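Across the two complexes that follow, subunit A remains constant while its partner is subunit B and subsequently subunit C.
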Partner chain A sequence: MTAAATPALRTQARYLAWRSVIRTMRTPIVIVPPLVFPLFLLAINASGLSAATNIPGFPTSSYLAFALAFPFMQGSIFATNTAGTNIAEDIGNGFFNRLALTPMSGPSLLAGQLTGVLLIGSLQAVAFLAAGLAAGATLQSGVLGAFVLFALSLSIAAAFGAVGLFAGLRTGSSEAVQGLFPLMFILLFLSSASLPRDLISSDWFRTVATINPVSYLIEGLRSLVIVGWDPEALGLAFGIAAAIFVVALGLATLALRDRMVRT
Partner chain B sequence: MSRRRRYWSVLRTVAWRNLHSVIRAPALLLPPLAFPLFFYMAFAGGLSTVGGLPGFGYYNYDAFQFVFVLLQSAAFGGVFIGFSIGADFDSGFTRRLLLAARDRSAVIAGYGVAGLVRAVLVWVVVFGIALATGMQVGGNGIDLAGLVGLALVVNVAAFLFAAGVMTRLRTLQAAPAMQLPLFMILMTAPIYVPRNLLEGWISSVAKVNPFTAIIEAGRSLMAGDPFHILLAFAAAGGLAGLLTMFAWRGLRKAEAAG
Partner chain C sequence: MEASNGIQVEGLVREFKDVRAVDGIDLQVRPGEIYGFLGPNGAGKSTTVHMLTTLLPPTAGAARVGGYDILRDGAAVRDVIGVALQDAALDQLLTGREHMKLQGGLHGLSSQDITERGNGLLERVGLSEAADRRVGTYSGGMKRRLDLALALIHSPRLLFLDEPTTGLDVQSRAALWDEVSGLAHRDGVTVFLTTQYLEEADSLADRVGIIHQGKLVAEGTPAALKAQIGRPTLEAVPADSAQIERLEGILSRFGDPLPVTNGSAAVRLSDGTEELTNVVRGLDSEGIKVADLQVHAPTLDDVFLAKTGRSLEGARQEADTGEHETVNA
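Coming up: the complex of A and B.
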């Protein structure tokens, strides 16, 4: 095929993105758990831990508002699984090999695969915020804050989706990608998700939460709900999400190149 | 060979096969071990400040969470054995076992015994780590034996539930049907704080959740101040009795399905 006949990068990405979206929409099991499970945990934690707001120095009187960042983060962790499993399945069922015979470029492939993840991320963001507001939480940063919350949530989903892409491309096994899920959950629970870092009395836990990047992602999301506009928290959250995205995408690109050679 | 000896022979063989697979692949023991440890670390470490709240009224937050983690691992230990039953159905092994055994309930009982042994192994490790990291035990030996007894009944009840589900659905893909109901029962009990500090809908749900009586009695035994022990054993034993019927009928359905 001549260079002139090769579709533009954007067109290639669009085809793969459309495939990713259709594939996601046709698989309810990929959409439903990332929506329902975080909402269930939010309902339990918001009610079960509401007494924590009585701890002196707790930053808000509503534990629901405090915990609202948790489902956003948990939903993003599901993105790792979705992206990684999808690409590992493509490798396993031979679609990837057939794609490698076409002039499809690597960046289009990665961008296309991430689109399905971002679609789920968007649905999650709308559902979580709507559920939170319906249950009585208020957004201290206002309407504009809701848009920033969506943007940060999608940035985090893209970052963890890129981690999933790397895992899927590197291992070519959906089982191996599934094995990442508990690890991601550990990162979530060993963070400042349940209490602010300065109120964690266990020294080792506070240290782990402080070096755990997930704490800063959650604190960025949470700041929009309970504080308003906190440039430091937002800067750290967006910066860490971008750093994870860049590093994971770079690794995924290298893994893709390696897999193309092996193919 | 008498009927009783045949029964024990089948039970022992199935239990040993399952335990042998764990010995050959210790990684199988990793999820049942890792999850309780992780929850203990995350809850006892991350939420220990909650233990100082006015009205909390329990002597040690680590011990408060340990009881939940112990009972949770007992319940999920039963469910993890359900995975083995499902996987054996998928590979056709369970069907061959059911064909070979004269009294087929011995096959299910064999899985149950394996589940119990695996759960006890997990508890030994979790208990050892909790003690090594500073958890204080308020109860004496009899109280702790009561706590372990309660956990054993919970393990059996959860196993019977998992066996009932798996003998009906006969595939590992049905795993969420075992996990989700159990997860919901466990999580709607007073996990983080005592019942008097619960607010909102979970306070109402916790009142009627049978696992609340079990976890509260377990915590009272750990503290050395037994409270509503008979109620807890009655709740766990009653559930186990009902679930025995559920598992038995599931086995009949599996037999009928061939």
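Coming up: the complex of A and C.
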């Protein structure tokens, strides 16, 4: 009997991605909350905070359009949870050892896990955009802007998914990963999600929102809805998403190396 | 490098902080044999398997598996081994067939090979009908059988099974024994099997290594190990438990006393079963009535007892209430 040849990295990644997608599709609790909760909060914000558009200098007359970026961002935070919990569960129940005993490479594992996250991100992006447009929002950047919005949304989901992978690999505990969830929400609420930064009256809040990278991610998404084409906002948003992704993936790779101590 | 189906281990050590889980093990497993690694929980069995399967670097020592050095040629070792670890870690959301696809794909098999070989293995372990059900619905025995089939998907030359029958009912255990025996004796696969069951080691293994507190304390064929002990043991339960010390005193005239835990006294008979008549006469003359009197041929538990000073069952209970396998901690 002879063993098979070691498969190429892309082949390994394809199989791991396939597993990630199957797991995702068979776990309604992973799909439904990231779709429903952000839309629920969008509905509350759009109806309850509509008077904010009367503030002088508010950038749009539709709070729905202003708030549409919020669910995209909130959905991406769910990506942290999904990616981190999946890998932590694999570590906890020994499936990680099963994978480590195959010729699987570290990068293919990370790529495969992120694929499931991107699948949910894609569903979210389509659902949020469709819900926003159906509720009366218009996309100032047009049809092409919808594709860019889609791309930015997936970039942010990948970035936060990588954060989740790092947390899951470092701790090996799904509880620890879920502990990140409230912290991410604090980051979301301490950003320019509800008001433009220049209209935040409290100095400390405005300062925090200004140094909070989540503000720039939201502002990039929002610019496509209410402004049209704002190269600076888009550049910052894509740049920050890429930076988070690169740093988090680097840390996840190091954590994976420590975790997978096979000789 | 010449490939071999054997395993050679020299001075293997693994320490966890101040615990020496594996303490200088030397052993050789010949190609095509079933080697039973017997010991209670916490003895160092799983830690040894984790090192030999490249999942855990040793603190010291060396080992070659399938002709490859576990430290320098980890990837080559993983190519030639199949492994079923203690907990049969499976994805509850995937079906049996999907597990085959994932495992075969990661080992580089073509889609056609995965289908053909996967179907054949599922058939062989009796899971064809359940192959498209999610593993979350499988019984413990089905999970173990799937785990074994997965370990074989890439046609390994060596197979590591870490307590493959723990928790299984008698029927499932017998089915797994048949399969493992066939793999070694029909297909020539070398099997390294850890177990805490004496019966399993006795009936399945060609050779047995007994591990206790990280050290290999005995090694050989089950028959040879039992022959080392040679003499039968006599175990008696007094009708009146208050007479246990007197009973022990009388029995000790006929051989070496053995430690027991269940209100009985035992002795390894110096002159074999020929002494039985004298034992009965001695008990009668001292007026000691016995509720039960049994003669036991030597077992692997006797070997364990002789080598470690305690029975495997007692050591297992002790481990279950306190010490656990360090690698799982």
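The rule is simple: the second predicted complex is superposed on the first by the 257 of 263 C-alpha atoms of A that agree within 3 Å, B and C clash if a C-alpha of one lies under 4 Å from a C-alpha of the other, contacts with A are read in each partner's own complex, and residues count from 1 in each chain.
What we mean here is this: a residue touches a chain if its C-beta (ideal position, glycine included) is under 8 Å from a C-beta of that chain, and two chains touch if they have at least 3 such contacts.
All values reported here derive from a predicted model rather than from experimental measurement.
J.: With everything superposed onto subunit A, say whether subunit B and subunit C fit together or clash.
T.: By the criteria stated at the top, subunit C and subunit B fit after superposition, with no clash.
J.: Rounded to a multiple of 10, tell me what angle the C-alpha centres of subunit B and subunit C make at the one for subunit A, in degrees.
T.: 90
J.: Examine A:T11 and indicate which partner it touches, taking first as subunit B and second as subunit C; both and neither are also allowed.
T.: second
J.: May I ask you to decide whether A:N54 touches subunit B, subunit C, both, or neither, giving the answer as first, second, both or neither?
T.: Only subunit B is touched by A:N54; subunit C is not.
J.: Give one of first, second, both or neither to describe whether A:T171 is in contact with subunit B, with subunit C, with both, or with none.
T.: After superposing on A, A:T171 lies clear of both subunit B and subunit C.
J.: When the two structures are overlaid on chain A, which partner does A:I186 contact: first (subunit B), second (subunit C), both, or neither?
T.: In the superposition, A:I186 contacts subunit B only.
J.: Touch test for A:Q140: subunit B only (first), subunit C only (second), both, or neither?
T.: neither
J.: After lining up the shared chain so the two structures overlap, which partner does A:N97 touch, if you call subunit B first and subunit C second: first, second, both or neither?
T.: second
J.: On the A-aligned overlay, A:F205 touches which partner chain: subunit B = first, subunit C = second, or both, or neither?
T.: Touch status of A:F205: first partner only.
J.: Once superposed, minimum distance in angstrom between C-alpha atoms of subunit B and those of subunit C?
T.: After superposing on chain A, subunit B and subunit C come no closer than 19 Å at C-alpha.
J.: Of the residues on subunit A, which ones does subunit B touch that subunit C also touches?
T.: Subunit A residues touching both partners: none found.
J.: Please name which positions on subunit B make contact with subunit A in the complex.
T.: Listed in rising order, the residues of subunit B that touch subunit A are 31, 34-35, 38-39, 41-42, 44-50, 52-55, 184, 187-188, 190-193, 197-203.
J.: Would you mind writing out the residues of subunit A in touch with subunit B in their complex?
T.: So the residues of subunit A touching subunit B come out as 40-41, 43-44, 46-52, 54-55, 182, 186, 189-190, 193-195, 199-202, 204-205, 209.
J.: Please give the residue numbers of subunit A that touch subunit C in the complex, ascending.
T.: Counting only subunit A, the residues touching subunit C are 1-7, 11-12, 14-16, 18-19, 22-23, 26-27, 93-104, 261-263.
J.: For the complex, which residues does subunit C have touching subunit A?
T.: Subunit C reaches subunit A through residues 53-57, 70-72, 74-75, 77-81, 83, 85, 87, 89-91, 93-94, 98, 101-103, 105-109, 113, 134, 150, 154-157, 187, 189.
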